[in-house]
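Each of the next two complexes has chain A plus one more chain, namely chain B in the first and chain C in the second.
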Partner chain A sequence: MMYLIEPNSFNILKKQYFFKLKTNFGLIFNLILFQIFAIFLSLVVKMTSSSFGMDELTFYVSSFSGNIVIGFTLIWACTVPAILTNSKIRNIDFTFVSNRFTSNISNIGLLITLSLFGSVTACLSSNLIRVLFYFISNPKSIVNEGFFVSPQYILISIISTTLYIILVMSILYFLGLLKQLTKVFIILFFAIAVAIILGFKLFSSTINFTLIDLINKVFNFYKGESSLVVFAVKVLLTALVFFSGATLISSKLEVRR
Partner chain B sequence: MTIIFPIIIILITVVFVLKKNTTKLSIPVKYKKYFVFLYCTILFVSTIVLYFIPKNNLISVKKPTEPISKVLRELASQDKLNASTGLTQKGTFIFDYSGKTLKIFGSSINIEFICKRKNIDDGKIEATNYVGDFSYHGFDIPDKINPPSMKLMKNELLLSDNKSKIDIKINNFTLDFTTNQFIKNENYETMPLFPMKIVYLKIPKSLQIDNTSCNTLQMLN
Partner chain C sequence: MSIIQCTNLTKDYGNAKALSDLSFTIEENTITGLIGRNGAGKTTLLKTIAGFIKNTSGEISVLGKNPFDCLDVSANTFFADDNMAFPVELTLSELLEEISNFYPNWDVSLAKGLFEYFGLNPKQYHAGLSKGQKSTFNMIVALSSHSALTIFDEPTTGMDASVRKDFYRALLKDYIQYPRTIILSSHLLSEIEDILENILLLKNGTKVLQMPVENLKEMAIGLRGDINSINMLTNGKEIIHTEKINGNHILVVVKNDFTETALQQANVLGVEILQVSADDLCVYLTAKSQGGIDDVFNRAKLI
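Moving on, here comes the complex of A and B:
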């Protein structure tokens, strides 16, 4: 075979990654739109509002936080893998020197970069909400405690939000590629999930098991973890399984499928 | 149900974004980049500004302290109510009284009466009002609570709870759920109780007190 430049996987990966980062700038723009909407929503919608009245005193307590922005960032995270695994977007890869492996790794790199950007902006927007609230409302009604967020709490928030976004993106990236392989696999995937739940219900009379219970258990596996290190291990292992699964599936795909 | 509702919202949003993605929005990339840069700058500036907001402008939170009611009698007998940090003085009334007996009428169970005989017969009844520490979410409000009103009519001292109608609005910021999950939060929340109102009476040495109409009266001597 004759070639002027010897192809190098790392160089191809790097080129693909930067190319994808540039061409998918619209995803970052979408994220910002999502977050701006969530910031305005956070200023208007109180997370919890309670009033407590006695004979002579009535308290109206409203709670605010950056949870809405993080929630909207997670929703945005659901849309990103769906767009990246879209066959139109994936076919662009074939214009360049690439294979399935480099294509997937560059996609995963892009997803991780986007999740880091999403989490940093989501966590900092929580500070923006506090500053905006301070200037538009009466400061004498704001409780000091919880208003000022220490830098280490911001760092914890950035790390854990990044992990949550990676988790969501890895699952949906896997499902997105599964859908590309064949629609039958999606049906099969859900059929297996339903079969497991029904199996539990049929063969274990002592376990009162419903779909909601299963979702709650899976949710609590991550949300109930109070150690950041253990949480990181759980999320990264899950993401590794789903990203590896996605890479494996895409190697089975025909060209331009 | 609580988990189904967010899932439905997520699905609707995802479908909407994916549909929108097929119809190209014609905003030049250059403007998109400016917009993203501006947004990031605002975020970083707001983070810096947050640390420059003076803490004194906000409501300060303090941890709930030991209720004063436990040591109230002891403090009163030593005449040290004024020195107590858990009480706020709300004014003193002095009545001239030359009668032999005094009947006390208290209209509210929220008012605690402590009565101490002086060493002399000076013909004066001194009544000092106090309000105990009262906080909700660590937000101290004894200054907002009205003291009971007092009237001396013939041989009767009438005390009624002068209730203040106060609406207190508190805006509380909490940490994001992604932070809360990994830190042990100190909980300052205390259930609001009725504010403790105390009337400390100093009466002449030989004055007899009829407390049949007042259940919350404590005689010190």
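Moving on, here comes the complex of A and C:
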């Protein structure tokens, strides 16, 4: 008799997590491509360009920022859960030792790790943009203000960007599994969205509240938060709801077909 | 101790029943062949045992637990089929290394030995392998995992004749060295009957029989001769298969519970007594309708 193995969930989780880190290297490669493209774009496209002059003197002011890189990182973040929830990729877990709980938790672990990686590289790339800009333009014409960034500022931007990425990924991970459950849910999802939009179009005048107001309210709930701690709690709680929802959905799916 | 226990196991896909009221047990440290025609429910049963599919009703217990989504069962089971998904980023040798982390019983030297013997390229990617090579690689992984329960669903898909032979030999040798429970599914019994101990025959999701292969080989005999003599001999017996040969001559496959004298009587009547191979018997037992493919053509001629 082969001796029976008594697996420990935490141990299997750890193995799965590192296995996924290794085997999803392509995702990091994609991220780097997205970010290189965004850095290039940041240097070429002047975010806000204005000129003003008085008499014989004319100033041209161009400002640069790393926001494009963060934007592209968020777009990349949208693609990741779609890949992980694809049934072909989910099946890989079940080629080896796994159950749905460890599979989901190791996926969530991977998503959080990738969020952190994406955020750190995105935030540091704004420094790279500054350095590149320094070399390609006349250093004397650079306005010092905002050119040097304090480590505290970078740390705060890394934390908040990580939280944004986690938020995006948790929502899309949830939707990705919902799609696997049944196509009916996708139709239902769009039906609800259309119903909300139509509802607002019809009744916005009577209730004095438009769809834009609602969207603004939702965005402000996160974006308008000035305290980093409260913001973190809000985002993490939202992500927890979506990740739990995703785990719940996957319990409705067959383990592997 | 029985490793697998099923009682009235049923699995529905919508209106279609893939498994219906299936009851059987599989003892530990045996090699069982799961035989049945296309659509008999072999894969559904194996996936239910492996914990991938949830049964609609009935009971199933694997290693004393309900296998569905169960980590304990997953850790002690290896399920190999040609739909196994592997990550595309790793080469075969990297894959072997990663897989070995999941299985404490992993046999490094067996994996390495088989890998070299079958001439697989360690730098290749799984997606680039041919159908037969994929089956070979899956087989190497399944054998090397030394899991207490190893399940092969149609393991030889795409393998050429010599690789098939080598595979069965490797399976048997490793099984003798490290006894464990192995289930092999196939629709070609003739190929695997030499390594099997038990056989579980399925038809339309139900169990036709479960017995040692030796018993199956002796279960039935064929009688060939004049229709009247055969009718006399087989009166009251369980007829498994009837085939018209020509004119008044027929071949009847019947359960072998003849006495010595009855067989002598058959000889006197000029009825030939034939052995029925286990493979043919399974085909007769799982026949979808009376008659054979010949009847389809004969009927066509009449019209």
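We adopt the following convention: the second predicted complex is superposed on the first by the 229 of 257 C-alpha atoms of A that agree within 3 Å, B and C clash if a C-alpha of one lies under 4 Å from a C-alpha of the other, contacts with A are read in each partner's own complex, and residues count from 1 in each chain.
One rule holds for everything that comes next: contacts are C-beta pairs under 8 Å (C-beta built on N, C-alpha and C of every residue); 3 or more make two chains touch, one makes a residue touch a chain.
Not measured: the values here are computed from a predicted model.
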{"item": "Touching partner for A:226 - first (chain B), second (chain C), both, neither", "value": "first"}
{"item": "First, second, both or neither for A:100, with chain B first and chain C second", "value": "second"}
{"item": "Contacts of A:215 with chain B and chain C, given as first, second, both or neither", "value": "first"}
{"item": "Broader residue contact with chain A after superposition on the shared chain, chain B or chain C", "value": "B"}
{"item": "Touched partner set for A:126, first chain B, second chain C, both or neither", "value": "first"}
{"item": "Touched partner set for A:25, first chain B, second chain C, both or neither", "value": "both"}
{"item": "First, second, both or neither for A:189, with chain B first and chain C second", "value": "neither"}
{"item": "Set intersection of chain A contacts, chain C complex versus chain B complex", "value": "25-26"}
{"item": "Complex interface listing, chain A residues touching chain C", "value": "1-7, 9, 12, 15, 19, 22-26, 88-89, 91-92, 94-102, 251, 254-257"}
{"item": "Interfacial residue positions of chain C with respect to chain A in the complex", "value": "28-29, 47, 51-54, 63, 68-72, 74-76, 83-90, 98-99, 101-105, 146-148, 178-180"}
{"item": "Chain A to chain B touching residues, read off their complex", "value": "25-26, 28-30, 32, 35-36, 47, 52, 54-67, 70-71, 74-76, 78-79, 82-83, 121, 123-128, 130-134, 137, 139-149, 153-154, 156-157, 160-161, 164, 212, 215-216, 219, 223, 225-228, 231"}
{"item": "Partner chain A, residues of chain B touching it in the complex", "value": "3-4, 6, 9-10, 13-14, 17-18, 21, 25, 27, 29, 32-33, 35-36, 39-40, 42-44, 46-47, 49-51, 53, 55, 57-61, 110, 136-139, 141, 144-146, 163-179, 181-183, 188, 192, 194-195"}
